[in-house]
């Protein structure tokens, strides 16, 4: 589409976009700054990416509200629009050009659906899907091929479940969720009681709740508990290969990056960010807005807003200092031995 | 059921349970102390949970052999029974109220079963299951939908295999095992020989043995070796997303928490406990009863009974001291610089 | 087969193999040194395994070019052949005795294949496989049961895709690749833009390229990006449960061990080796031939050929020194406190 048309469509979602009116290329695709060629739209967030304005081959750019950058783009004949959040506007633009694959609404004849299952309107049930008794599926739900859904599961409107996912018994999934391929929701929590005769299996009679807008990454696992619930709050997003143990409670709008592991009973507030491979021990509580950097090992409660790093976790500020000194340990130790002699 | 009936049933599995005879509420479900309401049974193990006796809304409690706690419960009109291991008794009680979903015995007509496959009595083979030639399946085995079983696999009596699991060639699974959804047992070990022309793939002609009572978590992977076996001993339990490399030998009654990774040829004794995200390097040997705390990185052998922590692993005792001092490194370093000046 | 016949076949792949001509046992299987019995072939690479020449029960051995070892084998009546790379020759020998299970070429009648899908010659499409529109599959490709392939995917000649794998839209897989069970290739990258109203989902319009000879482990996940590609270079091998984020570019002949995690935009050169549970942060670049030991946390670029360890990563040399001193921190601290008093 013409750049002017794109700007018009984006203006419907944003206030007062600035643009350079002289330039109106045809935009056929979106690209990164590095890979952009003629007829593409890219974006600059500023900072270390700012200098790309001098050499990107994009025909159009989404820029921050930075006059210098805008002048440079104009000088190079690049069409631009300026917004407070270029990445967000780029995402909105991408939605105008691209929609992920979604099968047409239909019940595939190879699907095996138990009697009495409630299906909403306009649902898509893919080939070889299995849905057990007592399941309720909302409107516009899309279930990709080879998914298995155990009894008494509830799935809210517009939720998408990708291939080879397993949803175990009594799981409650809200509206507008996305469960990516291979994930397992509602599997039995890992609970065994030590006895002189060995491990006695704790039955796992609880269930999992995913609230509206939750996204679960590929091959991620969310366990149900012995009693009560495991709950993931509204609009919280989990990346691939994450483990959520039994009875974990996660708040709203959290981000858990790939390979994070949460042991049983962990409580996480709202807007918490856990970077890749973070581990959180049994029963630990993490306050609203806390952040843990990659590979952090959290054994003790984390206060709201705190930023923690390292294993065992300390404040990120202390971690940066201590790990810088850690690198000097060999030379410190040499001097230390001399000091010790003088003692 | 009435509390008295519950106590009678539990007495069949336990010696001499003490109770308060005056109280006999109807028990309709089991709950955590926090979530318990009227007509529920909960349990107190002691320690930091003891004070819950003062405010739980449970109608009945399983208590430790602690007279003070018992008196407090009696005073609040809470029915109780006392046992040496309240968590075990709670698990036994839960088994009286709840059984996980298990499909009825049947061979689903959409299952694809090769000619000559041996099926025991009373088996359940779910929809879209695929079983290749030469497989032997014991009595009362339950295979959930969409499982794939490669040739020559043997599965013992009463074993349960959840949905979307893949069992690769020649795997031998004992009786009373549970394989959770999405797990892959018997995939090719990761073996490549470096050559000047690149990596030469080592064929993986061995197989995996899971002994009786083994439990394998969701999306966990257990690889087969080039030659010989990968073996997991009796009643050993693996949580979700665990990786067990080729030729690993694990003893009986071990616990491996989520996201543990064992490299090729690791040997683990009996009753070993590895907490979440522990990694063990090639060929390392870990003795009976050893314990590793979360995220431990084990590069050297661990003696029987040893408790290790940290990466690289050291004794837990040393780890606790060293990591406490680690936090002081910035202030230590300031003083150190002054000391160095005086040198 | 007779040992002499085995040597003859291996000679076709290797120059000038030395053997002891007097000994010609029947070889029926290959085994590790420890498990070898009569009529088996094993191998010794040297080093700590050398002493096994004195007590292995193998009837034949592949030895390094080490006359002492050869004399010891001869003295014990063990047939041997000597090569510069005994492990490679063992792998070649194993290929003479063993081939992994591969279904016969056929299109299983339960497979659901969209109209217009292009299938090469001699392909095997297993039971309950689903292939969406626009997919192109090369010659001699083998797709195991219960695999799902989204639209517009291309799969090169001789590639093998194991059970319960999901290949999402537009993924391009080269020739001679192996995708192990449960892997997910081309799932949506994890991208969300923070806004005052919460996370705005970045559409993931890019795709994944696996070049020729790539191997992907069980339950490993490789994400597609918002724009552009995620690419894994020729003959690179990924173990189980690895996470490859959106826009990652990996070169040729790399090895990524189990549970490695690569965040978005990571660039990895050729012949890089990342051991188990290594994590690499957003946008980090790792040069050709670099190596990271297990659990390394890489936040900064790594130069070609560098060996790094620890979290945060430092040179392996420094890591070994610093972690040795780390163990001494408690005693250092005691002395330090005395020194401080004197200050």
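Letters A, B and C mark the chains in the order given here, with residues in each chain numbered from 1 onward.
Basically, a contact is a pair of C-beta atoms (placed from the backbone, for glycine too) under 8 Å apart; a residue touches a chain by one contact, two chains touch by 3 or more.
Just so it is clear, the structure is predicted and the values come from calculations on it, not from any experiment.
Participant: Over half shared numbers or under half: where do the identical copies chain B and chain C land at their interface, same or different?
Facilitator: Looking at both copies, the contact residues mostly diverge.
Participant: Nearest 5 degrees, what's the C-alpha rotation angle taking chain A to chain C?
Facilitator: Resulting rotation angle: about 120 degrees.
Participant: How many angstrom between the C-alpha centroids of chain C and chain B?
Facilitator: Centre-to-centre distance between chain B and chain C: 27 Å.
Participant: Note the residues in chain C that touch 2 or more other chains, in rising order.
Facilitator: Answer for chain C, listing residues that touch two or more other chains: 110, 128, 146, 164, 182, 219, 241, 259, 277, 295, 311, 326, 332, 336, 339.
Participant: Under the touch definition given earlier, write down the residues of chain C that touch chain B in their complex.
Facilitator: Chain C residues touching chain B: 29-32, 35, 85, 87-88, 90-92, 94-95, 97-101, 103, 108, 110, 126-128, 144-146, 162-164, 178, 180-182, 213, 215, 217-219, 235, 237, 239-241, 253, 255, 257-259, 275-277, 294-295, 311, 323, 326-327, 329-330, 332-333, 336, 339-340, 343.
Participant: Mind listing the chain B positions that touch chain C in their complex?
Facilitator: Touch list, chain B to chain C: 110, 112, 128, 130, 132, 146, 148, 150-151, 164-166, 168-169, 182, 184, 187-188, 190-193, 195, 198-205, 219, 221, 223, 226-228, 241, 243, 245, 247, 259, 261, 263, 277, 279, 281, 295, 297, 299, 311-312, 314, 318, 321-322, 325-326, 328, 332, 335-336, 338-339, 342.
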